[in-house]
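Report on the following structure.
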Amino acid sequence: MSRAARANYREDVAGRANVEDTPELLAYYDQLENLRAGALWTVANKIEPWQPQSSSVPVLWRYQDLRAHVLRSAELVSPEKAGRRVIYLNNPGRKDVAAAVGWLYSGLQTMRPGELASAHAHSASALRFIMEGQGAYTIVDGHKMTLGANDFVLTPNGTWHEHGVSAEGTPCIWQDGLDIPLMNALEANFYVVHPDLQQAVTHPVGDSTAIWGATALHPVGHTWDKGYSPLFKYQWEPTYEALSRYARVTDGSPYDGVIMDYVNPLTGGPVMQTIGASMQMLRPGEHTKAHRHTGSFIYQVAKGQGWSVINGQRFDWRERDIFCVPSWMFHEHANASASEDACLFCFNDLPVMKALGLYREQALAENGGRQAA
Amino acid sequence: MSRAARANYREDVAGRANVEDTPELLAYYDQLENLRAGALWTVANKIEPWQPQSSSVPVLWRYQDLRAHVLRSAELVSPEKAGRRVIYLNNPGRKDVAAAVGWLYSGLQTMRPGELASAHAHSASALRFIMEGQGAYTIVDGHKMTLGANDFVLTPNGTWHEHGVSAEGTPCIWQDGLDIPLMNALEANFYVVHPDLQQAVTHPVGDSTAIWGATALHPVGHTWDKGYSPLFKYQWEPTYEALSRYARVTDGSPYDGVIMDYVNPLTGGPVMQTIGASMQMLRPGEHTKAHRHTGSFIYQVAKGQGWSVINGQRFDWRERDIFCVPSWMFHEHANASASEDACLFCFNDLPVMKALGLYREQALAENGGRQAA
Amino acid sequence: MSRAARANYREDVAGRANVEDTPELLAYYDQLENLRAGALWTVANKIEPWQPQSSSVPVLWRYQDLRAHVLRSAELVSPEKAGRRVIYLNNPGRKDVAAAVGWLYSGLQTMRPGELASAHAHSASALRFIMEGQGAYTIVDGHKMTLGANDFVLTPNGTWHEHGVSAEGTPCIWQDGLDIPLMNALEANFYVVHPDLQQAVTHPVGDSTAIWGATALHPVGHTWDKGYSPLFKYQWEPTYEALSRYARVTDGSPYDGVIMDYVNPLTGGPVMQTIGASMQMLRPGEHTKAHRHTGSFIYQVAKGQGWSVINGQRFDWRERDIFCVPSWMFHEHANASASEDACLFCFNDLPVMKALGLYREQALAENGGRQAA
Amino acid sequence: MSRAARANYREDVAGRANVEDTPELLAYYDQLENLRAGALWTVANKIEPWQPQSSSVPVLWRYQDLRAHVLRSAELVSPEKAGRRVIYLNNPGRKDVAAAVGWLYSGLQTMRPGELASAHAHSASALRFIMEGQGAYTIVDGHKMTLGANDFVLTPNGTWHEHGVSAEGTPCIWQDGLDIPLMNALEANFYVVHPDLQQAVTHPVGDSTAIWGATALHPVGHTWDKGYSPLFKYQWEPTYEALSRYARVTDGSPYDGVIMDYVNPLTGGPVMQTIGASMQMLRPGEHTKAHRHTGSFIYQVAKGQGWSVINGQRFDWRERDIFCVPSWMFHEHANASASEDACLFCFNDLPVMKALGLYREQALAENGGRQAA
């Protein structure tokens, strides 16, 4: 780096670095650089910001914009050539890591009846949320489960998994969510293709739900030492019923309405070690207050229509739209309907924030808790 | 104690005490006794048995024998005078502590429409399992829930609780289960009568189920630091459905058929710190193998008919009968019907055994795993 | 039981049972008894006391009274015949279960140089606290450790263990502490004599201390899944140093002076699942305030002299004396010296109380927190 | 991005993306880009590597090269202007984030007698390891502790902390270790300057060690709910003694010799939620085998001299040198002395790897487990 190009991050605040460049210092910096070192005070204010500065920007991806392109991918490339036919969401601030927000990847995948992806395993934790179509299924470590719209399914870190659509089905589209970027950033990403390309179904279809999907009842004698939920599928219908029942006895969160986390039934903790998920209901006419917190969040509109204000910018959404909230940006949600509820599915890296002691939250105090948008 | 009366527990086995009484020793023992001491070798073999020797005996209580007496209690005593109108089950080996088996208490309680017991709290953990009648309800720390047959409800250690039957209901009978004897033995039993005798209902009726009764979904922002489940009611219908679903994908336990534990949905652990509970289904014609384990167990027949062999003794049971299995006694269960399943509700002190590292289990090896009865 | 003999536990308090015996009721009670049942209201007030009523009494065992008898046991019986030469402490209220207090057993054991007890294992958790002599050692699951005065050593639930005194040593006396009575009460006691009567030493002598005895440093790659501490020996010298250092920066507990718990270094929890232990220092002239709590406690005076007031009764103690505090009895301690500190070793069943959610504590409010003794 | 510039990551392996660019596809890619989206198959092989590819390179920083520059910083800038006078270590592969390796920052800081840095707090977890000088001290949340060579001290996430050298001391140099880069990457970094610039010492000096620094003894009644150790200082002398004792009873790790982790004495877990640390001893002449694992590691030579082979490259080191091992690179260590042991201090992000389920380890199988260097 030439001397002229050295950035200067001086701040005139007690306790912060505020050193003026001098020829002597610049020479000193060059000497340090030759030793693979540097003077902290030249970068301290940059690497120790007062608060998080997300490199992601808020984005809304409209399903009506993307759907045709997703379906077209099935005409353009074969599953054998493409591996998976996925249109991924690319945050303008995170193009270098192919992330939708922060360290989270998301894409829309399509499959035609009778198609089947090859089985693989990776360090990234993954999930899919079904958007449309009949006959989709997923196999995780030999456990097969069938899927319908708004069903949420896990394919956790290290599991063999593959997706398909039965021959009797219709073209399907779902949202994939993974933390591939995080795994790469942490330099901990392994990838394996299944030696047979497809795995055998070695358990009765739907057994994960039959074994672990009961309310507060656990099978005796089944042990489980994995870091993720033994329940792989979270169905829409009981989820919506649960939210509806809960809505009758709660005032809800001022920031999120009636919100429930999908959990690992064995521990009450998050569904996977690095990705959490929730479903929330905005009651007719509900407009929440704004808060901000650490962590990156990707929402899909599972039901209804409305808008969210993120970092002062309004995003109008309807069913199947996807949007993201970057770390430490204020956000609030509103249901546009006076008669119907609206539901938002969300996945996020909250388990990472909490496991590392980094979760922080702050409500907007001014303007009655609402952002000017 | 006179010298003549001293018991002698000698065993002629290496490593065990085998000291003959002599006049010199007997005089020595008397001296020790005056010092509030004794010689270990005189009692060692007694207090260190080779394996557990339960002081309880297996018992079956037939509902047809007890029901009329239970109902008659409502004619004989008023709730005000009796506190609760309960006929308790008294194991012949545990009369001194009013236990049904081991350190577990159980009784059959009745209430008439419009009646209401006074509210109290105690260190004992408690549960009730509804046997018959309409309109029963329980209030736990201001949370009211309505109850039907085969519903299972918790009133944990330290909670204010009271039971009643609505004016529109019918006479109700339920089984109470508590660990009063254990609390007394551990010298840790506290009892308080509610200052108002009745507590107010301070939450929407059924809110515990609405909040915590969803499948693998938890409300966001509800914290809970108690040692017991925030879900107080476990309903029969979803429980039976869960067992039926699970039965379709499992071979079941060789000793217990299709068995599930009621759990704390927040932790996956037992419903209370000192009492656990399970429901098991014996499929048509199923006859399990025998095993034995530490812990004391009380069963109620929730559905069907059959028999159990406990410590070599056969007990035939039908719906609503209650029986117990003492610690470390072999037991096996059989469904007498070739077409209908049978279901056994059970509560036990397994959480105590496990929390203290004392659980041990052993299968019967001989005779194909079946006891001669 | 004849009708005349039925006890009556009536209380004239709202919410408590208060049913007068009538001929009709007495006949009813007889009928119930024939069905192995009873009417709860006849015993409710007895089995649900307002607060714990310990069946133990406070006792002080003077070492000067017991020492000669302990040593004499070595003349009266051989180790082969006696198993172990132990004088056990027998609380007048707990003679039926050979307990020193509550469900805790304690005894004074002696061995001569060159003697060695046979190896065994049992469900009871055990400890020894060395009182006098040179050359004592213990072997736990092949780990041998040498012991000196005031050293504290564990022989946990399920481990093979044996004690001995080296040929070069002197006669040794130590205190044994076990929860044999609790294991019997819980009907979970197993006992096994080692097949070879003696076990081999399979690890370097003292390895447990070398591996796990460092301050806040753990060996990498050693796994441990037991419910008890991998550190078996807690030496007196570092313990006393630790108390002395801690005393310089703390005001101490108003009830216990400067007190530290012996812990499992892997978890920070109690040394064993059912027995905890502590060492406390009363500073010169210190006289603590009284409190009471659930749990049973056995103290040995490791250093100094003073007195304790237990349930209003004063017990004066000096080095090596042993005394007990039953559950829920007020107790306070005083150091009789104005210049020397006094130290009390204690073992107790607090881990049981805490694992089961039964710990409660209460300070004495009146009289400046001191009992009249 | 112009079409010509699109990278192509095709792999001719079943299960991997292998799609040839065509004009139609390139046009499609442009359309997607306009929608803030992309085709996964164009980047899949890049973002899902077969195994971790660290962007860091192995580096050795020689103390003899850096020391004069570090001391010179005290002449060039004042503490007031610089904040802290630190020369940070800049991995050639991680210049963009000022990291020494992976997401870990490290620097060498100097202070003169009587100097004192301003107090601040941040989300980054931090530690210092003393290299030379007398009179250094650190204050953490009002707890002051004095420090000598090879002492290791924590200033955890969220604590107020400041460093100084007493007026009677000598110029001091120490190594700082932090995870500033990780905090920034996770967009969770907060920074606060203490309102008074200096914090008061509110506890007796050294109280953290006096309270929590005992072997397997915990003060009763001190609660702690933080995610980091309450013991802030780990002294060299007892650490070296612990390693020496442990060395006498262990064969050690084939990859690391005699190695111990610094732990949180309350939990047995890592010292902080995001940074772990260890000290290891290479016995005279010891040359370990190679292995690799996920996670980033920074070593300082606390004693002795030798060399390490990292990813096939040999680095010779002597006391006070610092080197790093990036994720998933093979490494082995050798002590160059046949008579003296060598000790390596290490800090790393293993707690992150383990909390997120990402730790993997692999031994080198070929060539007797040694890399050709």
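Just so it is clear, A, B, C and D label the chains in written order, and each chain counts residues from 1 on its own.
Assume a residue touches a chain if its C-beta (ideal position, glycine included) is under 8 Å from a C-beta of that chain, and two chains touch if they have at least 3 such contacts.
Quick caveat: nothing in here was measured; it's all calculated off a predicted structure.
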Chains contacting each of chain A and chain D, listed by label: none
Chain labels contacting chain C and also chain D: none
Intercentroid distance (Cα basis), chain C paired with chain B, Å: 29
Distance between chain centroids, defined by C-alpha means - chain A, chain B (Å): 45
For chain A paired with chain C, centre-to-centre distance based on mean C-alpha positions, whole Å: 53
Residues of chain D that touch chain A when the two form their complex: 13-19, 24-25, 28, 31-33, 35-41, 43-44, 47-55, 59, 61, 65-66, 69, 72-73, 76-77, 81-92, 97-98, 102-103, 105, 107, 118, 120, 122-124, 157, 180-181, 183-194, 197, 227, 273-274, 294-296, 326-328, 352-353, 355-358, 360
Residues of chain A touching chain B in the complex: 203-204, 206-207, 209-221, 229, 231, 234, 238-239, 241-243, 245-246, 248-250, 253, 256, 259-268, 278-279
